[in-house]
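You will see chain A twice below: alongside chain B first, and alongside chain C after that.
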Partner chain A sequence: MSGWNLGLALPEWILAGCVLAALAADAQGRGEWVRRFAWFGVLAATAAAGLQGLLRLDTGTKLHAFHGRYGLDAFAVVFKLIFGGTSLFILAMSGQWLSRVDRGHGEFRLLALMATLGMFFACSIEDFASLFVSLELITVCFYCLAAFKRNDARSVEAGIKYVILGGLASAFLLLGIAFLYGATGSLEIRALSAHADDLGHAGASLLQFGVLLVIVGLAFKIAAVPFQVWTPDVYEGAASPVTAFLSMGSKAAGFVLLLKVVRACLGPGADAGLRDPDAVRWLGLVALMAATTLLYGNLGAMWQGNLKRLLGYSSIGHAGYALMGIFALSEAGFAAVVYYLMAYLFTVLGVFAVIILVNGATKSHAIDDYSGLGRRSPFLALVLTVGLLSLAGVPPLGGFFGKFLIFRAVVDKGGVLAYSLAFVGAAGVVISLYYYLCVVKRLYMHEPGPDAPATIAVPAPMKAVLWTCLAGMFVLGIFMGPFVALAEEAARALVASR
Partner chain B sequence: MAETLPSYVPWILFLPAIGAVVQQLLGPRLPRKGDLVVVGTMAASLVLSVVTMLAWAKLPAGHYFAASWKWFELAGGVTFEMGMVVDGLTSALLCVVTIVATLVFLYSTAYMKGDPRYHRFFFWLSFFGVSMLILTLADNLLMLFIGWELVGLCSYKLIGFWSEDLANAEAAKKAFITTRVGDVGMLIGIMILYTQCGTLHIGEIFAAVKGGAFGGQEGLLTLAGVGLFFGAVGKSAQFPLHVWLPDAMAGPTPVSALIHAATMVAAGVYLSARMFPLFTPDALGFIAWTGGITAFIGAIIAVSQTDIKKVLAYSTISQLGYMILGVGVGAPWAAMFHLCTHAMFKACLFLGSGSVIHAMHHAQDLKDMGGLRAKMPVTFWTFVISTLALAGIPLTSGFMSKDAILLQALHEHRYVLFVLGFGVAFLTAFYMTRLVWLCFMGKPKNEEKFSHAHESPLVMIAPLVILAAFTPWVFWGGFAEDFFGTPAYYESHPDFEHVQEAYIAPGAEAPHHEHPWYFQLLAYTTGGLGLALGIGIFLSGRRDEKSRLLPAPLHDLSVHKFHMDEMYLDGIVAAGNALSEQSHWIDANVVDGAVNVSGAVSLFVGDASGDADQVIVDGAVNLTADVAEGAGAMVATAQTGRIRNYITAALGLTAVVVVILVFVL
Partner chain C sequence: MTTLFFWIFAVVVAGSALLAITRRNGVAAALWAASSFVGIAGVFVLLGAYFLAVVEVLVYAGAIMVLFLFVIMLLNLREADLKVVQGPRMHVGGAILGALFLAGLVWTCRRSGLFDVPLDAKGPVGETGAVAAPLFRDYVLPFEIVSFLLLAAMVGAVLLTKRRLS
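Let's look at the complex of A and B:
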């Protein structure tokens, strides 16, 4: 654990270097170079993370750098690949969208690159100070991104709402961290492990409040109760590529950190695994958070006439499902969360790619304006349909298998609480089927409006994104073997590290 | 030796705190919006402060009152305490703060009459009093820092009290940010001390330093001292962070009198005096020069100002420079003496200027004034008496305290600073004469405003008279000897002598010095000369524009305030802007957006809520469960688009979670 071991953070070094280079290039007004640095940075960092995973890690090993403040294990590598993939998709998608914006091309890519750097760090942090810094690095970039269309009142409004509620959440998080520091005398996340017994005791303590406030603060990132309210407004107001990035990258970053904290709370159990999860007193709270989150999201989505707003609610719902996986407090549950996020990556980014293209032609996000898309642009309609079905969890798509793993982990856990939660989750799925299918119905059963544009042109990078997402959804739903193995490897590494 | 804290001492703090809470909660429903609650509790606090001071004075030399309570404990046995200490330093400042605060509160009841946010004004005023008392009573750096930041917050809110005018909001922001720059240094100093000494209790820090906590690391101790002093540079408006204080005059005049002349700005001097044993000779040299330069620059600029409050503001900067100079030359007792005398006569001057401004219907420019002597006799005479004290005319309090500082400078062989100090004294006498002349003497320059002018009501002039009563030398004669003649209050810190021997230049312990003949000559004549020159110039009938005392280059610098604002704007701010397009963009869109959020949000709320309420029912909803439908509608309408609802929702739901954690699980 001791030693600087600086080389271990190679992906982050690459990203940080590219951020600085891109900053310099943008200050010189060389937007083209910013694009190159952004692409190079994300590609190289993702490749480096992958290679590190292949070459330096055996099953169960964990390497440390920065005197133990930075850790690299399979969990970190898998999430870095997820974030790298997300950023690549976002860069590819934003090209087409940026061509319709007359300014700030460099800024957009620079901010995306910086957010990616924060996400990479989030995968590897080992103490609360780094947790906060990496989280803020991500969040501050998203504040700017959300308000990116500065001439558009809705975008600025989205940015302001995001800033204020984000600041509130950060305050909770910081207070929680301060409590935990007071209770444990250490900023290391793994220091919580030594106090796991206290977390099981009845009676409120500094430690309990600390963990609670940290979880509440992180709920903002994953868009879960009690910090879910911002989601629909910000999703609707922000530019579509930003919303896509927010719904995948930002949410997954929240889950990375949440998983690390929750893991540490479970302490060392028998044979270095997890302790009996029933000894964790606040388990009921996680169940409550999961249930209310998924109900809030799915119920709210039913009424929406704006597709992006609908996806905002749906995003809350999906946070609820992923929280169910955390509720399981088992290796299988954690693996299910990782797999769920992998599937969500291809699904939600595919959907947003379609939204960007359609919005480019119609200038609208109203579901009404998607009427008859099946006749006008069959391919786009196909990707959107498959994406929505995957979000709803229809086999044989990735979204289905992710939900399957999560429900299995919850049911395996057993107990009244688990069964009730599974029931609520199932009800949520039914509701979500309704509102997703309403959109699908509009795509195929309704006549296009009189002024609806004819076939929408799809530029090459977008085509690549769409095909990759389509393939990803099917692969993760049919040939899931290697991906399940990867998710389980990540979960095993998470459980092993404490 | 520590004695048990009398049980009434904490009430000095609690009474105004209760007053503030009561006034805030019930204010709008109380008669006169609860201002009397605030004035009354502060007056009670004043009585207790005097009682405390008398009780302390009865103790044998070297004794003091102290008490502390555990606040919270962290893992590993790290405890943080809240504590109070009452020694000469504390009790003197307590009395000054409570006297000035009580009088200013009383004065404000008339000055702010009819203001639409009268009750909020009194809340912030009383909250300021509480914060200042926290700072004063603290026996540890944590509590002191809390008070320090709270007075900064109150100052910010009160400077920008009339925030409808953008300039006032800008001034408040400038004050807050500029002092914050100094606070960073202070925090660094506190952190160094905590790391090295393992405690934040001031007495224990001194003991630890004496015990070798900095063993051999003189440089680090110097850094800690200079770091703490940086806090004072910001708060006490020392060069180069003095730029905020003149702008702070945007606040209501009672605020200027209380916060920006008498108490808060003196907190830096108090901090420096309190922590004096920590300063190494290098640090003291730095402090002395900072004070000297500030005193000089402030006086130069004051000569050419045309706004009545700006003259007083630069005068305050200059006088604070004197106090800091006093600390730097090893005479913190003299600095504290000057702090106390200055608080009285400067508060009187500010309240007097407030009386004038009140009479002139919020005109502040000297070009509009003149001849007010006849119409406002009480204001005039109290103003003149305070001016004499500020100018350091013999037989006034200002004369005594100023000379104590300059004498020490002489004895420390700081000859340049000594000469500079007398130069400033001369300038002070001159610019104050100019101020009095332009304001009260001669012919009225604005007949229309003059014709409406009148003497202020009793509640406004009574504080003037009381404050002016503190200016004669007799009042301070014995007082100064007891409280400031010897560094008695340092005896509250164990083994002070050793710390002092190790770090203070030899000879600093002896406050009683010979008065050489040239010192006496200078001391007795400088103020008079400045006064005479001023009167001479104006009696000869010259107009203000021609009555230039300063040579042309210096006059230019004076008018342009040494170009400090431009330097900050064109230098630091512009460099920051030029650094990258990004930071500018972020600033314009996100930072400013957040700052101006209340305005912006209300603009967008109409838009957003309109859209959010248009919940579109997509065709016939054939869902089997009507319950789900209703629940969905509830969720969707909960999404009002109003950010305050969102914040309430987030906080409320978090509260629910906490309740569940505590009571259910």
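Let's look at the complex of A and C:
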């Protein structure tokens, strides 16, 4: 527990070094080197995280650095791989998009790199002070990225909306942390677990209020109802690679931290199934949040004519499904959340890659302008179709298996609350099939408009992204064995850390 | 006695904060915010955290608020607002207040024997050490993450405000 053990934070050291090197290169006006440092940083940090997982971690161990403020276990490693993968995709996708923008190339890559650094830290933090600053690091980068197209009114609007509501959420989070510090006398997240029994008692209002406020702050990040209002506007206004990064990276970071806090709230017991469900009084709140989130997201998406806005609503819905996995409060439930996010990574980034390419040719995000894409660019239409079907949860795709694991964990829990939540979730899946299939219908059944561009050219990095995402969706839906094992390993490490 | 002082400071903090967000004039709002910071410093004194109290006044009420005021005044240069801070009465009043403050400072230092302490004397570590140890040992990780956070904010500010980015 004690000791500096600085080498353990190797991925973060690499990323931090590359941020500084890229900054120096940008100051010298060497844009090419910023790009190289960004690529090298993310690649090397991801590889380092993976190697650490293979070489330094036995099953169930947790290593500490920075006097116990930094922890490395399978949970952290798996999420670092997810974040590293996300950043690699974003870097690959943004190259094509940045070539259409005449300025700020270095700044874009720097901010993306720093957001990745924040995400890596978020995986390993052990106390609330680090939780807050790593979350802020991610969010500040996204504020600036959302307003990146500063001469586009909608992008600026997205940035301002995000900054104001995000600031409010940060204030709630900070107040909650202060309350928890007052209640437990410690900033460490695991100090919460010693007080877990009090969470259900009327006397511990300071503790309850603290946990509630922390969850409010994190629910903003994952866009859960009632803290979701910013999502569609920001998703629509921000540039497409930023939206892609936001919908995967920012959301997954929220879930990493939420999982850590929820785990601490469950008490020090090492066994999963963790506690007698009736003892966890706040479970009803999680169920309500999950149900309203997935209904709001899926119902809201039905009437959207803008594909990015539709994906904004659908991302709210997906936060609802992942919350269902947290509701299960079991190792299987947590593993399902991890797997769901893995599948979401390939699915949503594949969809956004197509959006970037189509927008480059049509300058539009309207669903009408996707008419007849199947005839004009069959490959793009195929990736988009497979991605949307995976989002809806159609077998044999990754999205289906993620949903399957989540529903199984919820149903295994048993009880009226769990069954009703599963029912609401199933209703959400049916609704989402409708609006995803409406888009697919437009791709194949409608005639392309008169001024629609013919075939859309796909540059090499984008081709790699599209093929990887396509392969990822099928692999996670068919050969899921190793990935399920990885997710289960992560969940086991999360449950064991106390 | 402590309770009484606490309530005084509490009213100052909450009242000033309320006034800070209700004033239409940006300068007045910033000054009320500074007053709120001074109240918080008073609460720190009551808690025995003298170092934090000093830092609160120096950094928040001092440096940051002055910066705020500069920005507000430079951005919002309206005649009506400027009249408040101009004119001979302001100059005379400012000079008197400044002189009073200086006198108070000198008087306090003489009384506490601060002038008699040799410059190279080694005092007890005291609270500075109590702040430094957690900051640079236990919480060095969040402390360093904050440095990247500020870097990100700086890069973002350049991105969003610079007139021409090549």
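To be clear about the criterion, the second predicted complex is superposed on the first by the 490 of 498 C-alpha atoms of A that agree within 3 Å, B and C clash if a C-alpha of one lies under 4 Å from a C-alpha of the other, contacts with A are read in each partner's own complex, and residues count from 1 in each chain.
As a convention for this text, a residue touches a chain if its C-beta (ideal position, glycine included) is under 8 Å from a C-beta of that chain, and two chains touch if they have at least 3 such contacts.
Since we're looking at a predicted model, the values are computed, not measured.
In the three-chain model built by superposing on chain A, chain B clashes with chain C. Applying the stated contact rule after C-alpha superposition, one finds that A:133 touches chain C and leaves chain B untouched. Look at A:379: by the touch rule set out above, it reaches neither chain B nor chain C. By the touch criterion defined above, A:438 reaches chain B but does not reach chain C. When the shared chain is aligned, chain B comes close enough to touch A:168, but chain C does not.
Residue contacts after overlaying the shared chain place A:144 against chain B and chain C alike.
Of the two partner chains placed by superposition, only chain B is touched by A:226; chain C is not. Residue contacts after overlaying the shared chain place A:209 against chain B, while chain C stays out of touching range. Of the two partner chains placed by the overlay, only chain B lies in contact with A:282; chain C stays clear of it. Between chain B and chain C, more residues of chain A are touched by B. In the superposition on chain A, A:157 makes contact with chain B only, while chain C stays out of contact range.
When the two complexes are superposed via chain A, 147-155 is the only one of 21-29, 111-119 or 147-155 in chain B with C-alpha atoms clashing against chain C.
Overlap of the chain B and chain C interfaces on chain A comprises residues 23, 104, 107, 110, 143-144, 147, 150, 159.
The touching residues of chain A, when paired with chain C in their complex, are 16, 19, 23, 29, 66-67, 69-70, 103-104, 107-108, 110-111, 114-115, 117-118, 121, 125, 127, 129-130, 132-134, 136-137, 140-141, 143-144, 147-148, 150, 159. Residues 137-142, 145-146, 148-149, 151-153, 155-160, 164-166 of chain C touch chain A in their complex. For chain B in complex with chain A, the residues that touch the partner chain are 72, 74-76, 78, 579-582, 585-586, 588-590, 593-594, 597, 600-601, 604, 607-608, 612, 614-619, 621, 623, 628-629, 631-636, 638-639, 641, 643, 645-647, 649-654, 656-658, 660-662, 664-665.
Residue ranges on chain A touching chain B, taken from their complex, read 23, 26-27, 104, 106-107, 110, 143-144, 147, 150, 153-154, 156-157, 159-161, 163-165, 167-169, 172, 181-186, 202, 204, 208-209, 212, 216, 225-227, 229-230, 232-233, 281-282, 284-285, 288-289, 295-296, 299-305, 313, 367, 431, 434, 438.
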